[in-house]
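Labels run A, B, C, D, E and F following the written order; every chain starts at residue 1.
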Amino acid sequence: MTTFALLLTESPFASQAFQSCLRFAKAAVLANHQVEHIFLYQNAVLAASAAIDLPSDEPNAAALLADFCQQQRIPLLFCSTAAEKRGLSLQPDQLNAGYQLAGLAEHAMRLSQCHQLVQF
Amino acid sequence: MTTFALLLTESPFASQAFQSCLRFAKAAVLANHQVEHIFLYQNAVLAASAAIDLPSDEPNAAALLADFCQQQRIPLLFCSTAAEKRGLSLQPDQLNAGYQLAGLAEHAMRLSQCHQLVQF
Amino acid sequence: MSQPTLIWLQSSPYNSSAAREALDYTLALAAVDCPVQLLLSGPAVCLLLPNNDFSAALQLKDCSKLLGLLPLYDLAAPLVCQDSLHQYQIDPKQLHHAITRLSRQQLAERLALCQQVVTF
Amino acid sequence: MSQPTLIWLQSSPYNSSAAREALDYTLALAAVDCPVQLLLSGPAVCLLLPNNDFSAALQLKDCSKLLGLLPLYDLAAPLVCQDSLHQYQIDPKQLHHAITRLSRQQLAERLALCQQVVTF
Amino acid sequence: MKLVHWIYPELPAQPLLSQLAPQDLLLLRQDGCYSLLLDWPQLPCRSLVLATDLKARGLNVKAAWQSIEDSVWVELAAQASQVVLWPK
Amino acid sequence: MKLVHWIYPELPAQPLLSQLAPQDLLLLRQDGCYSLLLDWPQLPCRSLVLATDLKARGLNVKAAWQSIEDSVWVELAAQASQVVLWPK
């Protein structure tokens, strides 16, 4: 069994990064590997906003990833500093369910428990 | 006298686009040209969030641009669709002073009044 | 000012929101009767490839469908860089969308006819 | 797991937030005693240029100052691609920061020593 | 064995190719699949492309390239000495 | 006369150079100033660099390039037949 940390740095909107990460995580869980945590940095932190409003015909990659992580109890963390610089409000009621505020320090400490880091 | 429309598409954070746009707008006003409007699209819309929280040693490019535009009465518009996809809350109290919600349609109609479009 | 605004898309189709938002921008300008012309070059010509299936396989919005809307807005067929088609080995006969192929020399001439140019 | 995490910065210094956030990431890992090694290649080597003045002239956060913090966190000097220095005609003797120059072959060897690699 | 991910619809610059060793794996995914349409030089290592990303783009695998499923992707990442998202 | 902005710290691909006519202007700004350190081919048109962006980076202007102030930048943009932010 391998312990993975997954790192997202691209915006969830109209890039394929979140979808790729979700597929990797699903396949990893299915093969009995562990996804120790998923960390959102740079523009990926935008996924944590509860105010995301997409046209109805557009898949919401941020919500799909959060659903999977809740179901599998995979910590889905986003970087507070990156979020503050991008104007995300960190009030709990303005955050998407399933996304947890974290510092780079938490990511770093978790990273030392993981065999592999995969970036999308 | 030339009538300019200015277009921003990059995030205000840690890129030079907002600073360049501000310098261009200042020089244009000084030379008696008209900046008819400034339009924020793609990641540039993040500038409109009132929740932007930068380290104290970091210049706030979004605020500097808004101050200049208010002083010169230059409409500083941001694209509502691009903002909604990026999770910006469009509640008035969560928007930065000086940034006005607009559709691409308003930008398009204003564009037809302008001689030049300059993108940063 | 009946010279069209040129919307020049050169970015990768699905690694960022550029392609999606360039097409939204094009259609928004067309919707308010701004004369507008789309140009595809570089990796953006891959948007023209037939037989793709993004929605089902990747849970991703299929941007190429927006190309199909251009005629509904009475827009001219997109200009497409011939060299780029050749580079990506795309056979113009197999495309589902009408296009106007241009050599580099012809692209330069068309560019000179547009007063405003927006690049994505 | 004492193999360092390699933070590999190849992006342009000030056209996006990549350089800034790569350095923040590096320092955050170092702050919690994660072994970490910075690598600069491509346009990112321009961060090393002396005599810059971003804060006053451009109202922009000077990322290169973060390089000066590396020794304070007991981090090794950044690895720098020799070919990139040569390409940008940067004279290693004139730099304000200590660096370790590596050939492509040496870079490959260092890369093989790092278990986790994050690219910006 | 390092697993190198390439996600851009263009050929990587020479530095990538010089970093690849015979035991490494190059994997095209996301818009990197479009680069399969370009003229790749001979590679020193095995070259792979992610089947789901390839099919979604209406593309077919080419000679010298092997298409892999997500399950194989995960196993390769688990076995790799390091997984690298190669920068452009 | 078209005013072409180049903001990337690399040389533009051949297609840009083939689009430049003798009456055009190429202007380096933002991180495009770093490309002044690279070996540019001979250009068919006048080549400029924005003084403020250049100086902030601790760089000096090179032979065959002219450094301009913001006020000149604005006048050139006003007079241009079109202003283009050249894509990478």
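Everything that follows uses one rule, which is that contacts are C-beta pairs under 8 Å (C-beta built on N, C-alpha and C of every residue); 3 or more make two chains touch, one makes a residue touch a chain.
Just so it is clear, the model here is predicted, and its values are computed rather than measured.
Chemist: Identify the chains in contact with subunit B as well as subunit C, in label order.
Modeler: A, F
Chemist: If you walk from chain to touching chain, how few steps can bring you from subunit A to subunit D?
Modeler: Graph distance in the chain contact network comes out at 1.
Chemist: Between B-F and D-E, which chain pair shares more contacting C-beta pairs?
Modeler: So, comparing the two chain pairs, more contacts are at B-F.
Chemist: How many angstrom between the C-alpha centroids of subunit E and subunit B?
Modeler: Each chain reduced to its C-alpha mean, subunit B and subunit E end up 40 Å apart.
Chemist: Using Cα averages as centroids, what's the distance between subunit B and subunit D in whole Å?
Modeler: One centre to the other, that is 32 Å.
Chemist: Could you say which residues in subunit F touch two or more other chains, in rising order?
Modeler: In subunit F, 30-31, 52-53, 82-83, 85 touch at least two other chains.
Chemist: Which residues does subunit C have that touch at least 2 chains other than itself?
Modeler: Residues 14-15, 17, 21, 58, 60, 115-117, 119-120 of subunit C each touch two or more of the other chains.
Chemist: List, in ascending order, every residue of subunit A touching at least 2 other chains.
Modeler: Answer for subunit A, listing residues that touch two or more other chains: 11, 13-14, 16, 85, 115-117, 119.
Chemist: Which two-chain combinations qualify as touching?
Modeler: A-B, A-C, A-D, A-E, B-C, B-D, B-F, C-E, C-F, D-E, D-F
Chemist: Can you name the residues of subunit E that touch subunit C in the complex?
Modeler: 7-10, 30-31, 34, 37-38, 52-53, 55-59
Chemist: Over in the complex, which subunit B residues touch subunit C? Could you list them?
Modeler: Touching subunit C from subunit B are residues 5, 7, 9, 41-42, 81-82, 85, 103-105, 107-109, 111-112, 114-117, 119.
Chemist: For the complex, give me every residue of subunit D touching subunit E.
Modeler: Touch list, subunit D to subunit E: 8, 10-11, 41-42, 81, 83, 104, 107-108, 111-112, 114-117, 119-120.
Chemist: Can you check the complex and tell me which residues of subunit A touch subunit B?
Modeler: Where subunit A meets subunit B, its residues are 11, 13-14, 43, 46-54, 84-90, 94.
Chemist: So in the complex, the part of subunit A that touches subunit C is made up of which residues?
Modeler: Against subunit C, subunit A makes touches at 10-11, 13-16, 19, 57-59, 61, 64.
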